[in-house]
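Read through the structures below before going on.
Each of the next two complexes has chain A plus one other chain: chain B in the first, chain C in the second.
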Partner chain A sequence: MTSIAIAPVRADGFFSALAPRGKAVLLALAALAVCLLFSFPVLWLMLTSLRPGTGVYYVHRGTEFTIDNFHEVLAQEIVLKALFNSFMISTLATVLSLGITATSGYMLSRFKGPIPNAWFSSIYIFRCVPYVAWVLPLYFVTQQLHIFDSYWGLLLPHVAVHICFFSWIMKGFFDGIDPSMEYAAMVDGCSRWGAFWRVAMPAAIPGLTALAILCWLYTWNEFLFALILTAHETPILTVVMAQFVHELGMEWHLMSATAVIALVPALIVTLFGQRYVIRGLRV
Partner chain B sequence: MLALIAPAALVLVLFQIVPILTGLNASFRDWTLYDPKRTWVGLANYMHVLRDSEFLEIVLPNTFGFMIASVVCSLLLGLLIALMLNRRFPGRWLVQTLVLLPLMVAPVIAAIMIRWMFNDQFGVVNAVLEALGIAPISWLTQRWTAFLVILLTDVWLWTPWFALILLAGLQSLPPEPFEAAQIDAAGAWRTFRYITLPMLRPVIVVCVVIRSIDAFRTFDIVWTISGGGPARATELFSIYAYVESFQFLNLARGSAAAAIGAVIIVVFAFILYRLLNRLVEASR
Partner chain C sequence: MADVLLTNVHKSYGHVLAVKDINLDIKDREFVVLVGPSGCGKSTTLRMIAGLEDISAGTIAIGGRVVNHLQPKDRDIAMVFQNYALYQHMSVRDNLAFGLRNRRVPEKQIAAAVDRAARMLSIEPLLDRRPRQLSGGQQQRVALGRCLVRNPKLFLFDEPLSNLDAQLRAQMRLELKELRQRVPTTSIFVTHDQVEAMTLGDRIVVMRDGVVQQVGTPLELYRKPVNRFVAGFIGSPSMNFITMRVAAQADGFTLNCEGLRFELPARLFSDLGRHVGQSVCLGIRPQNIRLGGAPGAGYLRLKGVLMVNEQLGHEQLLAIRAGASEIRIAGIDPDLSLSAGVEIEAAVAMEHLHLFDSD
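For the complex of A and B:
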């Protein structure tokens, strides 16, 4: 009789009979392989940043290490300026994009009719247009508006990029929230705006947090827009980093040192944010 | 209702629709960057692109091949990682952080680093191969190896994205069906095949469609790793449009190529979305 109680309900089959702890070992091995695979290029970057300038040609052999690269990079005014600019642009772009797309996603979720349909199909179609098709005309537009090479000139195009994707995702968030609470609020004398702001928004906070983190990381790491829409006035970190390595001078050690510095804020955001991202992205 | 989308619509019109229409306008004209005559030439630029054997025989197959391979690989890998991270085991937090590392590095920096790792003289990959007794490979000077390096980089960059969203999906699934399966003594594979997968399908559909669109217009990592080379053999369609616009300085032809690509991907994504949705409906 006791044997029935002890025997596991689930049949694990062949492998567990072969090796009792095989499954755990297999899982550990898989986890290890995955970790190595995904962190290797980043670890390599960190290693390169600790080598002297000539060391990059034998990163896997030499033994001398130095932190001079970090000193050298942080002494350059352009790097410090770029760090500050990138931080400001990412933060402002996150706040602005979420601000505008929350209402847009709410509208897509709660209203039916030709206008929401037209809005949805236009954001869907414009999301498909490749960046190369509009990055050069975008340069002309920012010049016409006299915002080229300024915060606004980079911020607003970034926000424009996020509008399509975020509206789509936000629609999903608001679809998942039962609208009857808002109707109840409106019956009790709340305006439509009040129902959105006081009832729907608080319920969507986990999703908004997740999007905010992804948006910040994306803008922090974006390259093409920064390259084309900024010049000397507003240096951006990714462009500054990439400029360490070009045809004339291969300063790998300086590039990797800057990249490691750039990694720190992103790492902090991810470390504290991943829990919220996973909780919030339950579309 | 209109007030809700007014700010978004304003930014979208100014910074996306106006530039796109400007490009579209240029694609119907004789508009080179060194000599912008801007005379109307109708569909001549489109015909030129559609008759270009480079575009038809190399760029289009490359783009579709790249899109399908990248999306399938990163979906499968991301799903496996999400399933793994959905279990409880010691050190899960560390594994999860390490898996998310590619999301934290700027893609252009990762691409520069990977190009260096695959360098045929000083790269670490060839050094490892040599240590294993395999002859070093000049990765970036042959079409297929260069393509493979680009594909690996893209999969490396985007698998964490899939894993993150699928993990969020997995954790939001109700526990009851899994308990029922356990009581009925269903094995791990059958539980996955008949419970997890069907319940996760809507999330997978959205992921696949969004990612396919983005993979179709990949630009920066290809540009950094191979520049479309060797001899234009790994050009994707964004690179083709860029090269036509900024290296051959023919803005009109580049815009026409971009417009053709945009039409292809709009239609493709629409069909894909319909098809996947029908699959989801059929499986219920």
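For the complex of A and C:
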């Protein structure tokens, strides 16, 4: 006697059983839920920044709103100075890092031999060191070089970290660009450097833009280096924000207002560049 | 325009020898094709001529000037790449003008040269487009235009047709031939496709494992291949090879293998005397075998059983089994009805036999 195995009939899933309109509504609701989840802290921060100092613990039920917090923080010289410093250091660190990272990534992508290998190994080793472990040695180095609490004292560590983190990503971008274009340029009259500058770099612009945005945002938001490597001469926004919590109390309303002000440039950079970030990181 | 001379050119990557002792004399205005299977060193040779690879030993001279230590930009060459290598961030017009701008040619002359090349290749309507907006064939034309516009001493082509579909490839082959008649610059063309090599080349260089196997005109290579590799590589369908044992007899030699025995006269095959008692490889082109009995004394008879036939429309290809050997026959009348298992009698003229050392 033979036995017949009957395959179990697969029931249609809930999602596939829905009408197309139902699917769209469900997806929209899911997207909304995710957006709310991520935007909730930001909305809370904004609400806090608009509450008087006495109302910050009742953000969810108060009705009194004010923009005095913004007036107060923007009247403080240290906040304005910190805004300027943060902007300058983020921009300079981005420009310097990208200049070095682009050539470093190109070398790692296109050249083989002892020098690229040694460079690759160094980057790898530096990446293995926990970020926090760099801070104390860097404090002593900046003291020794008399660049503590200056632009250079903060710029150089940032650039060093960016080179280690972004050289690999840049290598990936150049790996995705056909080297034949550079060979064609070399045959067409360019030197190797000319081929890099005139053909490979323009082709890597989406990747470079993505990295520039990531680099700028990373430096703008960075706290630890700024806390340890700067003092009164070069105030940085993230550190100034933290100083609203002091021995006399916690000025959440002022801290929130400063944070909202700090959000604006970051938001502009992100909105301007998100297209490039998505395209660049897809390479 | 210039002649190209390669003398004892070697290329090695560490212990791996990519190209071994190449000697090649390419005449002015000649179109030479380097052909061979993947990894045979043909593209490496081309890249060494272009200056994109250093050479490990030997000399390369273009137009009488040794270029070993010159950068690609100083060799006065132009190159078409397999994937066209167009500058994606530039328009077609700027792609064509790029080389001339690098040489600081006045803009007026550049515009005239670009227009002339565009007209020659019928790409005038495409001049303001970006490369990604073009089809494969159009990109190929732009890549050719980029070469033409500079009027260099030497054209180098690195498998430029291999990314195109079969129909477009055939069309581009014709266009290349036509273009060559109008612009007879010395050219070196690399391909793995023997049809391209046969149709385009004034001379063909067959390479294998970094070593040149034979240099000759397409007909020389087809009719007088120097070894089994060249014989098998050139011609489609590939040549039939049968390993046979040589024995001497009164007025000649016999070749024997399972199911086949051929008698060859000593006056035509005197070289076989050195191989008596040994094995040789007998090569017969499928096109040289005709169906039916031997029409005369200068023919060898083949008998076998039909395994399969392939209908191509303009001809049929047959595969027959004769003893332990499988023999392919080409050029059969497409209307001839043959079914598998039927006994086939065929003949081949002795002048079409090729004998090679048995591997």
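Just a few scattered comments:
The definition used in the following text is that the second predicted complex is superposed on the first by the 260 of 283 C-alpha atoms of A that agree within 3 Å, B and C clash if a C-alpha of one lies under 4 Å from a C-alpha of the other, contacts with A are read in each partner's own complex, and residues count from 1 in each chain.
As a convention for this text, a residue touches a chain if its C-beta (ideal position, glycine included) is under 8 Å from a C-beta of that chain, and two chains touch if they have at least 3 such contacts.
These numbers come from a predicted model, not from an experiment.
Bringing the complexes onto one copy of chain A puts chain B beside chain C with no clash.
More residues of chain A lie in contact with B than with the other chain of the pair chain B and chain C. By the touch criterion stated above, A:Ser39 is placed in contact with chain B alone, chain C being left untouched. When both complexes are overlaid on chain A, the residue A:Ile125 reaches chain B alone and has no touch with chain C.
Contacts of A:Ser167 after superposition: chain B is touched, whereas chain C is not reached. Judged by the touch definition given at the top, the superposed model places A:Met88 against neither chain B nor chain C. In the overlay built on the shared chain, the residue A:Cys190 is in contact with chain C alone; chain B does not reach it.
Of the two partner chains, neither chain B nor chain C is touched by A:Leu26.
Residue contacts after overlaying the shared chain place A:Leu74 against neither chain B nor chain C.
Figure legend note: chain B and chain C, brought together by superposition on chain A, show a least Cα distance of 15 Å. Of the residues of chain A, not a single one touches chain B in one of the two structures and chain C in the other.
Only residues 1-2, 4-5, 7-9, 11-12, 14-20, 22-23, 26, 81, 84, 87, 89, 91, 94-110, 112-114, 116-117, 122, 124, 127, 156, 159-160, 164-165, 167-169, 171-172, 182-183, 185-187, 202-203, 206, 210, 213, 216-217, 219-220, 237-238, 241-242, 245-246, 251, 254-255, 258-259, 261-262, 265-266, 269 of chain B touch chain A when the two sit together in their complex. Of all residues in chain C, only 50-52, 71-73, 75, 77-79, 81-83, 85-89, 98-99, 102-103, 146, 150, 156 touch chain A in the complex they form. Residues 9-13, 24, 27-28, 30-31, 34-35, 37-39, 41-42, 44-45, 48, 56-60, 99-101, 103-104, 106-107, 111, 115-116, 119, 122-138, 140-141, 145, 156-157, 159-161, 163-165, 167-168, 172, 210, 217, 220-224, 237-238, 241-242, 245, 252, 255-256, 259, 262-263, 266-267, 269-271, 274, 277-283 of chain A are the ones touching chain B in the complex.
Against chain C, in their complex, chain A makes its touches with residues 178, 180-181, 183-191, 194, 199, 202-203, 205.
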